[in-house]
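Working notes, beginning with the structure itself.
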Amino acid sequence: MDKLEEVKVMRDPIHGYIRVSEKVIWDCIGTREFQRLRRIEQLGATNRVYHTAEHSRFAHSLGVYEIVRRMIEENTDISSVLNDYEKVTVMLAGLLHDIGHGPFSHAFERVSSVSHEEYTSRIIRGDSEIYGVLASYDPNLPNDVASVIEHKHPNGLLTQMISSQLDADRMDYLLRDAYFTGTSYGAYDLERVLRTIRVRDGKLVVKESGIHTIEDYIMARYHMYWQVYLHPISRSYEAIMANLFKRMEYLHEMDPDTTADYPMFTPLLEKRVLTNDELFDMDEYAFGYGFNLIRKNSGDPIMRDLADRLINRRLFDYETLYSVAKANEYYEWIRDNGYDPDYYMFIDENVAVPYRPYSHGVNAIWVLMHDDSVKELSKASPIVSAVMGTGTNDKKVFYPKELND
Amino acid sequence: MDKLEEVKVMRDPIHGYIRVSEKVIWDCIGTREFQRLRRIEQLGATNRVYHTAEHSRFAHSLGVYEIVRRMIEENTDISSVLNDYEKVTVMLAGLLHDIGHGPFSHAFERVSSVSHEEYTSRIIRGDSEIYGVLASYDPNLPNDVASVIEHKHPNGLLTQMISSQLDADRMDYLLRDAYFTGTSYGAYDLERVLRTIRVRDGKLVVKESGIHTIEDYIMARYHMYWQVYLHPISRSYEAIMANLFKRMEYLHEMDPDTTADYPMFTPLLEKRVLTNDELFDMDEYAFGYGFNLIRKNSGDPIMRDLADRLINRRLFDYETLYSVAKANEYYEWIRDNGYDPDYYMFIDENVAVPYRPYSHGVNAIWVLMHDDSVKELSKASPIVSAVMGTGTNDKKVFYPKELND
Amino acid sequence: MDKLEEVKVMRDPIHGYIRVSEKVIWDCIGTREFQRLRRIEQLGATNRVYHTAEHSRFAHSLGVYEIVRRMIEENTDISSVLNDYEKVTVMLAGLLHDIGHGPFSHAFERVSSVSHEEYTSRIIRGDSEIYGVLASYDPNLPNDVASVIEHKHPNGLLTQMISSQLDADRMDYLLRDAYFTGTSYGAYDLERVLRTIRVRDGKLVVKESGIHTIEDYIMARYHMYWQVYLHPISRSYEAIMANLFKRMEYLHEMDPDTTADYPMFTPLLEKRVLTNDELFDMDEYAFGYGFNLIRKNSGDPIMRDLADRLINRRLFDYETLYSVAKANEYYEWIRDNGYDPDYYMFIDENVAVPYRPYSHGVNAIWVLMHDDSVKELSKASPIVSAVMGTGTNDKKVFYPKELND
Amino acid sequence: MDKLEEVKVMRDPIHGYIRVSEKVIWDCIGTREFQRLRRIEQLGATNRVYHTAEHSRFAHSLGVYEIVRRMIEENTDISSVLNDYEKVTVMLAGLLHDIGHGPFSHAFERVSSVSHEEYTSRIIRGDSEIYGVLASYDPNLPNDVASVIEHKHPNGLLTQMISSQLDADRMDYLLRDAYFTGTSYGAYDLERVLRTIRVRDGKLVVKESGIHTIEDYIMARYHMYWQVYLHPISRSYEAIMANLFKRMEYLHEMDPDTTADYPMFTPLLEKRVLTNDELFDMDEYAFGYGFNLIRKNSGDPIMRDLADRLINRRLFDYETLYSVAKANEYYEWIRDNGYDPDYYMFIDENVAVPYRPYSHGVNAIWVLMHDDSVKELSKASPIVSAVMGTGTNDKKVFYPKELND
């Protein structure tokens, strides 16, 4: 692969600098599909509760690339088992793994007929500037990069580096999301993790001496779930957005003309796979502008009201649902107060577990013991073994705040 | 003024928490005009060079409020000369001082017929949720808050706290912009500045023992100008935007129908003062969605191309203009290569000086000497005296990168 | 109690500033016993592995005081149940809780006939500048402050604030030790912990909504144990010191003249309770100077060699002892290679558990549930319940590195 | 030179890790002379005002080494003009440049007949473990390393890297001292400085585009002088120490027996060059233990009192001396109040200038202009030109605080 004449750097608060010396990486960063990630926020609605969580998937994707690059250049175990082509392949896979995301990922996927992973594959495999850049370096590169992301690449090590329970993706987002929310929950010792990684039998493993560092990383992720990713205030925002789309779909099905003034949503309402060009247009700008149009102009009062709640942050209140019967009570209470529960009630259930030990595959975390055997993490760490069965379940009902007044 | 039942807090990476105990402050934060600031970035195009500079004026405005609050609650000199009404007034002025901004402030003001300060006054003084909130607490409050921002309030101390060379506005943005760009240039000792402030003859002054801290703050701001605020890459982005608006205005003047498909820009093209509702709609979403529409649909190739450059970050290159004659050479070079220099050339000149000693008014920085006299800063600090005449002038010409190939 | 004319501040990297407004606090900080804490390192031998862990108990004691002060001034639940005298009492208890420590606490306590807690009580209760300061404010103050530290004060809340599993002591040292070692393990969300504390039935409790923050704090502490506090390299240093004292005691018992040249150690060798003046002289300077004297001058080759190892960091190597039989093998191996195992072998066993649920007393952590009931933490948190039985046991043997060559 | 089998790392809060791959570097770190730097504080008495400034020259020396290593490994201009032997030479020079320091450097040099630079040369050039390590790798290495530190090496570039106005020494201590004091004054953009360095005509230069970064670095240093290094409270401590030594010298000259009980000071009192072994014993432990002995046992009341002030931080008060006549008034005032001004008065004058442009030599900072010419910094930066003549002079008189009561 061609090298750049001099290493390009981009300042980054998490890594100091993002460093690029491969020309194909630099060219990918310059494509329209990658630049689009500037217009997709990393944490969707989270900034409605942590007001500084306004960072984009663009920054995160660069961060994942940077961690993969460091694994490859600084860890002699990894650098010695990969050839130059594989190194570029996995750096690209790290850089591009989120390329298929839409705005507000959860809400987007609820209405989309296709997952963001599927869109990622489609963009890398054809009809895009990214495809053009990759193929011009090597005709096999698009397929090889995509197959790493799809967990289909013959060398499982590459997939493990960018998509497992100890991958560059998580390693970056924990630190990044902690920094931009201003919380400390995601902090863990990245430098030490990178130093304790080894390769055994084609698998990433961590040295037993680093096991406490991994425990800390696992708990960091678990706490970020409850403190940040599953915060009820951002779930409230997403609940309203889900209900707005539900209403829009209902109206569109009744009469497509009713939603014709909001063309940015049409491809979604038509329930089909988007073309790459259509996905390109699905960004925060389109959603935000569309919600504001609906707020001002829609003839449907429910549409208008829900869009107003999104734009002006008039969020739903919420309660934890401790029993099933309670859900019905809420339904009747909302209805009896004059709101249509189909669009003014939302039940959201989340489970987060600290760690899942998969018996097979690349996803588990493996530990290199002092006797040179390899154990799955929960077999080596009493702490992880203890917590892995303890996932917390959280079920909440969301409804208009006015009902509490 | 009514207090909240319990202090509300919002996590913030710069201040730890933003703390609100006054009900009127909390209500203002909840208004649609203040929530809109989430949709206006603090640093406009800067994130095209510092990719993590994606923070909003919402966060900054909360930060300014928080610094004013701390001045009032922690500094006994200030707290003892202000009554409760004045305290709330100046906290509100800090919170609301940026409420009239549009997206990409410089670019916006170039096309707008009115300054953001004027819009700020209009929003606070009437026809807005903010006006309603303020007036419901006290009918004089809208006028009093606005007059602090307008430098017309009889108590100059209030204005000095939010708008002078040592004000809560600068104090917050230097730290915040440093944090979100990931650079260190804006770092200075906020805690010590807050501790060395005193009030003499109705003016904010700083104790002589804190003079080195103030010198450091002044230089921090100066360096942020050259390293961040005036970085040529963000100026390149703004140059393209300015040229796009120039083209749009030209076409709109020829025939308003040519721009009718981009209604989000119409009020600007009509060269009139926007209503508060029209300004409300002028956010990053509207601009970003509009640019993308132009990119895809405009019948004018110049419009299409310039919009494509904005959306896909195909920026202009630049050179420093060391002589006037050079500008003409660039003009001819661009024209001779088939580009219309009216829309493919941009000359941008900036001057930044470390400090301006105003002989009158509240804007200067005043020092309380050990003999209890008060001196203007440049009279008390040899460093500031030396640098204040040294502002650097930077004049650059911007043009399509392709011309260099 | 008398207030200072203006709040005194001391810059601190963990808390920004330490703020003192009570005259009795300021006077205590100025006493010789408190100033002595500058000469006692917080982490003993840890800086032989984390080279920047050179901070003193002076800084930590100020930090504990500052957290107690914030609990009292910022948490309305706490401030409303304590009177002014109790507030000063508990701030003093936080400030003075470590006043009886000697250098290298573990090693010191191994040779000392009395615990550091006992010395702390003796200093506060009499024959010291601290006693004089306290008694001059209120004759009961020495007794009241000491009884909080001794867990004997009638108001258990005061003790809980400075000595429990969720006390100002741990809250400070986790953050401080993380900062000065340059690691991230000790990071947790202090601001949120302080905000979720409540008082119920005279006990500190934390709100259920803060339970994940507490889990994070508990794991932070657990990981600091294994990564920092029990790091085998500092245990190696302490093993050598323990053996040096063992040798010194043996020689002293045979003939006190052999150790007479090292008068700084004499009171310890005589196996008696030190006077406050003798303890005052027991600081890092005395130990370090004494070890260097022994290294140069001792007639006993074992003394000379062990002291040389301490001064010049020629540390023992170590192995984990997985079985009891192994210990005997090491004993014989060391002896057969010409070293006296009594002074050249050391077995050190440590157990660290994440959390201990005491059924009685103030030590446990209590949670205020959403139904207003109070539960012990492990009953409220599945994570804590899971990990509390998982403490890791680590047993190591230490021996001269040369034996491995 | 031999490489280590695997890169050794030492955790460091400023650089993340100190990384060592050369065996000779690792061996030097293990020598007794280098380990002694753990017992010499970096900032002497500064921790009497910034209580967390307790870091050692050991940590700083590792930091200087690390910056030199990065210059050599990451900057292609530098790496391409140095051969492997020169690279090791300059890394060693950075590591060892402070090896000759005594405790409280200023105070130590006042009583010592020889500068710390002279002692550094002596240690590297012979009769030390360091000499043995260096010579065993290459017989020329001791001389070559020493000559870089002495500014006598034929390749001026090496000296410039470790001893000039833009050297690894300053680059490390500004960041380190800022971190450990908890202030922000020393912050500057190390990453960017390292990236803008080039080599022209055998000299280190910085690119014109990095000039604002260098201005920021220069001002950072200037502000550290006034806020930290020349803080009057640490100067007060050093004033007392200077007077104590003055008294000790006076008594020793009268009758050496009077100081015989404090053998740790004898070599200094005899006014001769110390042997390497004597210097080895001159550490903080010796000074601190010695001061405490004097405090308790000295027959001279002035000695006892001054030592008590050091141990128990009963510091002198101070005033700025605005005129010469004032000094005499203070002298008489102190004398008339019963104190001997020879030992209870101290006048200390300091000048700090932001930058000194040397017309010759390696010390100046050089700028590589856009036209490829090289200018001395003050010729290229209006800011530096303006401030370089503005050094502040600060003259203070110190005297017992009791006189103010």
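To keep things simple, chains are lettered A, B, C and D as they appear, and every chain counts its residues starting from 1.
Keep this in mind: a contact is a pair of C-beta atoms (placed from the backbone, for glycine too) under 8 Å apart; a residue touches a chain by one contact, two chains touch by 3 or more.
Everything numeric in this text was worked out from a predicted model, so none of it was measured.
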Based on CA centres, what chain would you say lies at the far end from chain C? B
Set A-D beside C-D; more C-beta pairs touch across C-D
Averaging over Cα atoms per chain, report the distance between chain A and chain D in Å. 49
Note: chain D sits from chain B at a C-alpha centroid distance in Å of 42
What whole-Å value do you get for the distance between chain C and chain D if each is reduced to the mean of its CA atoms? 32
Among all residues of chain D, those touching at least two other chains are 11, 16, 183
Chain D-facing residues of chain C, complex: 10-14, 16, 30, 32, 35, 38-39, 47, 50-52, 54-56, 58-59, 62, 179-183, 264, 281, 283-290, 292, 296, 311-313
Listed in rising order, the residues of chain C that touch chain B in the complex are 6, 9, 11, 16-17, 76, 191, 195
Residues of chain A touching chain C in their complex? 183-185, 187-189, 212-213, 215-216, 219, 222-223, 226-227, 320, 354, 370, 382-383, 385-387, 389-390, 392
